[in-house]
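Going by the order they are written in, the chains are A, B and C; count residues from 1 in each one.
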Amino acid sequence: MSEVNIVVGLSGVGKSTVIEEAMLLSDEEYEVINYGDRMVEVAKEEDLVKHRDEMKELEVSTYKRIQRAAAESIVEDSKDQDVLVDTHSAIKSPYGYIPGLPKWTVENLEPSKIIILDASAEEIYSRSTEEAERDREHSSVDGINEYRKVAREMAAAGSVLTGAYLKVIKNREGRAEKAAEELVETLRN
Amino acid sequence: MSEVNIVVGLSGVGKSTVIEEAMLLSDEEYEVINYGDRMVEVAKEEDLVKHRDEMKELEVSTYKRIQRAAAESIVEDSKDQDVLVDTHSAIKSPYGYIPGLPKWTVENLEPSKIIILDASAEEIYSRSTEEAERDREHSSVDGINEYRKVAREMAAAGSVLTGAYLKVIKNREGRAEKAAEELVETLRN
Amino acid sequence: MSEVNIVVGLSGVGKSTVIEEAMLLSDEEYEVINYGDRMVEVAKEEDLVKHRDEMKELEVSTYKRIQRAAAESIVEDSKDQDVLVDTHSAIKSPYGYIPGLPKWTVENLEPSKIIILDASAEEIYSRSTEEAERDREHSSVDGINEYRKVAREMAAAGSVLTGAYLKVIKNREGRAEKAAEELVETLRN
């Protein structure tokens, strides 16, 4: 039987690189699904948006419905093939941390594992070179540490809700391949 | 459509002052409801208690029922007007931290945002000048740090259960007005 | 009416000693139930395993069913007598932290209190003298600190799901009796 695994991590943690590398290293096949992309697709199919930018203009209740529909569509995909969902357990906004895996999403996905890709706040800070990102998400090392904690707390709550294993993998500077190997190993079981 | 927002924070964090200040600064109207007060009102209406002091003598099952009824009565209020609920995500007692926003409460309230007012353990310690409070809740800086962590973890779980945004606002010594401005800004969205 | 209380803690924290000592000190009677043992008993009754070692070979869905059945059997016991469940809120495995009190377990048990027995990472490290355990669970002080945090976050989520009080008791080197006294005091209320 195929399964759903979820990889989360802050922007600047090197998530995309590690996932790509892991997919090259792995003997097994996974459909890698970006949760945000899938939400945009669902919203487009319903003629709610034309472009990704319009997503944030959706009403909260519509947004939550799309979030739920995206989870269902991922579950559909997972019937044929193991799935790796690329997403966030928390998303920083000026109005607070948005839970990326709220109850209805995580309970729908019923993941086997929730895997946190993590790095030190200092590394995340120095990697967030784009000024826009620094302004928006990673304005200080203290702020990043708060963000990391909230993200892990929210992932832990998702684990309790679903029974998913919670794995933390460190992506150390210049050692993305090691993190990728650890990811492959974690997925294998 | 009107909404429910929740403000939580340890005693000594300056929550009342910041909320009052924010209500003066804000262009919008909110009904500020103290959750503990509302519970007492509900219990009085049901002739279960005459005074607030008697609340702690209620049986656990009765207490939980009142907690739930208070949430429902707040939801009722929120139909006419935006509501700001003043409460705690964790309450320290000699027998452990009591969750102030257990599943049934937070799921009933369906908050848009859970806002944590926070301060450093040192500041909270030095503000808890009443001897009784120091004995009861804030006996040491280490103890306050544990309390802060548990309170944030419980708030994060509430956010995952409801999808509420989780915002942390620091109330720094002598800068309550800045915290109040941030609260107004957070509520505005 | 009798009740269920849960004691959790990492291996090396001294949980068994503190519980034993507490049972000697206490005026009240508790049935101490090891959750893992109870799961093995249930699995044996169903002819799923002959020995404890075979538990890890069970399919995930079967494992979860046994986990749930064990909770139900503990609830059955608690009808006649106060129960103290000895378990873990998180179990470290090479594939991630396994939630020891997932939603269905903790909601079934409906505990009055979840009590965390804690010690410093340094103490836990130095107590994990068996080489096997060091390799498997406690390979570094940093690793133990991550484990402690995840375990507390998962316990806090369980508290929000059930309304259980969350108590943290420190078991300091050479002071197990003090921790046992605190445990008795916590259970008394």
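FYI, a contact is a pair of C-beta atoms (placed from the backbone, for glycine too) under 8 Å apart; a residue touches a chain by one contact, two chains touch by 3 or more.
Every value quoted in this text rests on a predicted model; they were computed, and no experiment measured them.
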Chain contact graph, described as a line, ring, star, complete graph or other shape: complete
Cα superposition of chain B on its sequence copy chain C - rotation in ° rounded to nearest 5: 120
Computed distance of Cα centres, chain C from chain A, in Å: 30
Multi-chain contact sites of chain C, meaning residues that touch two or more partners: 153, 157, 161
Contacting residues of chain C [partner chain A, same complex]: 60, 64, 90, 93-99, 101-104, 106, 146, 149-150, 153-154, 157-158, 161
Chain C residues within the chain B interface of the complex: 112-115, 152-153, 156-157, 159-168, 185-186, 189
